[in-house]
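Below are two complexes that have chain A in common, paired first with chain B and then with chain C.
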Partner chain A sequence: MFEIRLSRITWLHRVPAGVKLLVLALAGAVVFLTDDPRVLGGFVGFALALPLLAWLPFGPVLRQIIPAAILIAALATFHVALGDPGTAALVAARLGTVILLAVALTLTTRASAMVEALERGLTPLRFVGVSPAKVGLMLSLATRFIPVLFALTAEIREAQKARGLEGNVFAVAMPLLVRTLRMADDLAEAIAARAYDGE
Partner chain B sequence: MIEIDGVTQRFGDLTVLDLLTLTLTERRIAVVGANGSGKSTFARLLNGLIVPTEGEVRVDGLSTSREARAVRRKVGFVFQNPDNQIVYPLVEEDIAFGLKNLKLPKPEIAARVDAVLARYGMEELRQRSAHLLSGGQKQMLAISSVLVMDPAYVVFDEPTTLLDLRNKRRVARAIAELPQVAVVVSHDLEFLADFDRVLVFEDGRVVCDAPPAAAVPFYRDLMA
Partner chain C sequence: MTVKDMVYAALFAALTAALGLLPMVVVPGITAPVTVQSLGVMLSGGVPGAKRGALAQAVFMALVVAGLPLLAGGRGGIGIFIGPTGGFAIGYVLGAFVTGWLTERLWVGLNLPRAALACVVGGIGMVYLLGIPWMGAVARIGLAKAAMGSLVFLPGDLVKAVLAAMVIVAVKKAYPIIKR
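Let's look at the complex of A and B:
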């Protein structure tokens, strides 16, 4: 989990992460700022064509898209039910474009490459006190520890189940909170021990 | 040489280490003691993760209180639970983390990562997600991530506690083969036979400081 990049290398893998992030950001900004159906249609076409042009396998693409597609369908249905099919199409086109491009990005880019690109992109913000290295480390830690926290939750849930506290949210949340805080302390020590100085 | 000079460590009202004075010059030093005896606090003092409430710890003349950053570059630290010290999602990224902090050039980082992966037979794991590794592999990753920084001293805080026997032996072998000075906090007395010196902690004091042949039986009697 959280490293969903496809191992079979395509030309899209070779495009620098910074370029792909920039395209995603620009495309996202344009589709949410414009109402012009020709522009939107162009972006939808680009987003649909990109996985095909990059020869991305259908299976992984569909697995990433389906949950978002269900949400988009629900939103569109809601607008149609309100008698506003135009807005339904607009919402579907905007969200669909961004999600398809994001899927193409994550399937062809290492998480660390995205973090590095983001760090480089944030460099000018040093002058207003933002530390790109700290932001990068924060994102990497989030990527690293989400599966660890899932595993920890499963372990605690299992332990509470063994004690007959299966449905007790508090019995899972409290030990999870305590262990997460302790883990955060240990992690801070480990980072300091490896000569990290936040620069 | 590590010098512990009149060190007392308190956390609030609790005195964890009580007026400790030691000089560590041997290559293999073990630290044993019951839970809560102060051995993990002692280990953390050695690379400046904790600064003493009173007294001073010096590593090759550098004070952990005043020159903590320089000390941390000299003294590597391997924690008990590798899950809490692996920072990056992928194996090779985590090994490179400390080297980036040392501001080494990219080619040198790549060469050092390659070398340490080869040394511990982990080349095929380099692109693997850290959370998918076995317990033994995680501990070897944690050890590699510290050793790649080429510290002069390495402190291990119970590195084998969470491992099965095969992986305990693997980690013990890795420690035995280190060219560096190693200070190892451990409950695994069978791995201490080849150590030069064993410090037995009890209630924040060193109650026995001797080679394993004398210190291990002393500790067994203490725990009986």
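Let's look at the complex of A and C:
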């Protein structure tokens, strides 16, 4: 499966996904609630040090943070232009911290481990009718559907090419949707026929 | 939640992901990259209905949070949610729900203008309604500046709303899902 996670294992990979999520959530809450430059500075330092301490390679880290970094730089420039460098530093420190920590988490955690952590986190929602097992099934079905959609698109495009319609978006989109909707109906029936109740 | 709801939600989550994996279209004259991913929001609501649409977008966001690079341009991870663009991500769920809700209300006699109305209100209105104040607050730039920054995406989004509406009307004829 394609994912952002690095294949070379670091010690950060071995920290459980739930622990990393908790640290990220706590750090996010603290940096958005405090205005104290010493506390913010500490968190910025921690966020900058973490990828270095875990020996994460620069390339993948940069690729993940560059879009966010451009946005943060634009926002900071905007505040400086308004003559408010204090707010510029505050915004850059807050957003920079959470994005760096989130990238460190994403680069070192298997998607399946994250899904498991999410399922466990959703357990309290069982009382309002959301079953973690059902969430897990939907997530795995969705990841399986993505390559199926690409394969079907290629097949339909080839068929429409034979009719000279390969440039027509609707000649590809409509058969694709009707076929996948029918496939979804068949699949739902097959799952129901096996007496699936999501527990 | 029936098995059918779950399978449809998974299918439209996958469709939204697949639309984001398509190469970005760079429109000359517009600096911002135009992606077709928001088509997924409108179709998720307009084809299978409000409840399944919202569920589909929630599943899609869960996959993104889990770290799959499914957002346009190969981005993903939990940072998307807590950064300045987090409101747009939540807006996708509300947007799909409202698009579907309006499509269900307008189902009898659904035509291109009506479907386009549902897509514009849900897929654009709701997404901006949550995305713009969030960006204004998190980045401390205020509502007006955040709205100005989002305006570049409006022409592209309007084109996508019309495209989505055409598909929704055609699917209603070929394989109707919403029953009235």
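Rule of thumb we're sticking to: the second predicted complex is superposed on the first by the 133 of 199 C-alpha atoms of A that agree within 3 Å, B and C clash if a C-alpha of one lies under 4 Å from a C-alpha of the other, contacts with A are read in each partner's own complex, and residues count from 1 in each chain.
The rule is short, and it goes like this: a residue touches a chain if its C-beta (ideal position, glycine included) is under 8 Å from a C-beta of that chain, and two chains touch if they have at least 3 such contacts.
Owing to the predicted nature of the structure, the values given are computational and were not obtained by experimental measurement.
*Asks:* Between chain B (first) and chain C (second), which, if any, makes contact with A:Ala151: first, second, both or neither?
*Replies:* A:Ala151 contacts chain B only, not chain C.
*Asks:* Mind working out whether A:Thr87 is in touch with chain B, chain C, both or neither, as first, second, both or neither?
*Replies:* Only chain C; A:Thr87 stays clear of chain B.
*Asks:* Which partner chains sit in contact with A:Ala195 here, chain B, chain C, both or neither? Use first/second/both/neither.
*Replies:* first
*Asks:* Regarding the shared-chain residue A:Thr143, is it in contact with chain B (first), chain C (second), both, or neither?
*Replies:* It touches chain B and chain C both.
*Asks:* Contacts for A:Lys161 in the overlay, against chain B (first) and chain C (second): which applies, first, second, both or neither?
*Replies:* neither
*Asks:* In this superposed model, does chain C or chain B come into contact with more residues of chain A?
*Replies:* The partner with more contacted residues on chain A is C.
*Asks:* On chain A, what residues does chain B touch that chain C touches as well?
*Replies:* In chain A, residues 1-3, 110-111, 137, 141, 143-144, 148, 183, 187, 191-192, 196 are touched by chain B and also by chain C.
*Asks:* What residues on chain A touch chain C, complex-wise?
*Replies:* 1-5, 21, 24, 28, 64, 67-68, 71, 75, 78-79, 87, 90-91, 94-95, 98-99, 102-103, 105-106, 109-111, 114-115, 118, 129-130, 134-135, 137-139, 141-146, 148-150, 153, 169-170, 173-174, 177-178, 180-185, 187-188, 191-192, 196, 198
*Asks:* Contact residues on chain A for chain B in the complex?
*Replies:* Against chain B, the touching part of chain A is residues 1-3, 110-112, 137, 140-141, 143-144, 147-148, 151, 183, 186-187, 189-197.
*Asks:* Provide the residue numbers of chain B that touch chain A in the complex, in ascending order.
*Replies:* 44, 47, 49, 69, 72-73, 76-77, 79, 81, 83-90, 93, 97-98, 101-102, 129-131, 145-146, 149
*Asks:* Mind pulling up the chain C residues that touch chain A in the complex?
*Replies:* Within the complex, chain C contacts chain A at residues 1-4, 6-11, 13-15, 17-18, 21, 47, 55, 59-60, 62-63, 65-69, 73, 75-79, 82-85, 138-141, 145, 163, 166-167, 170-171, 174-175, 177.
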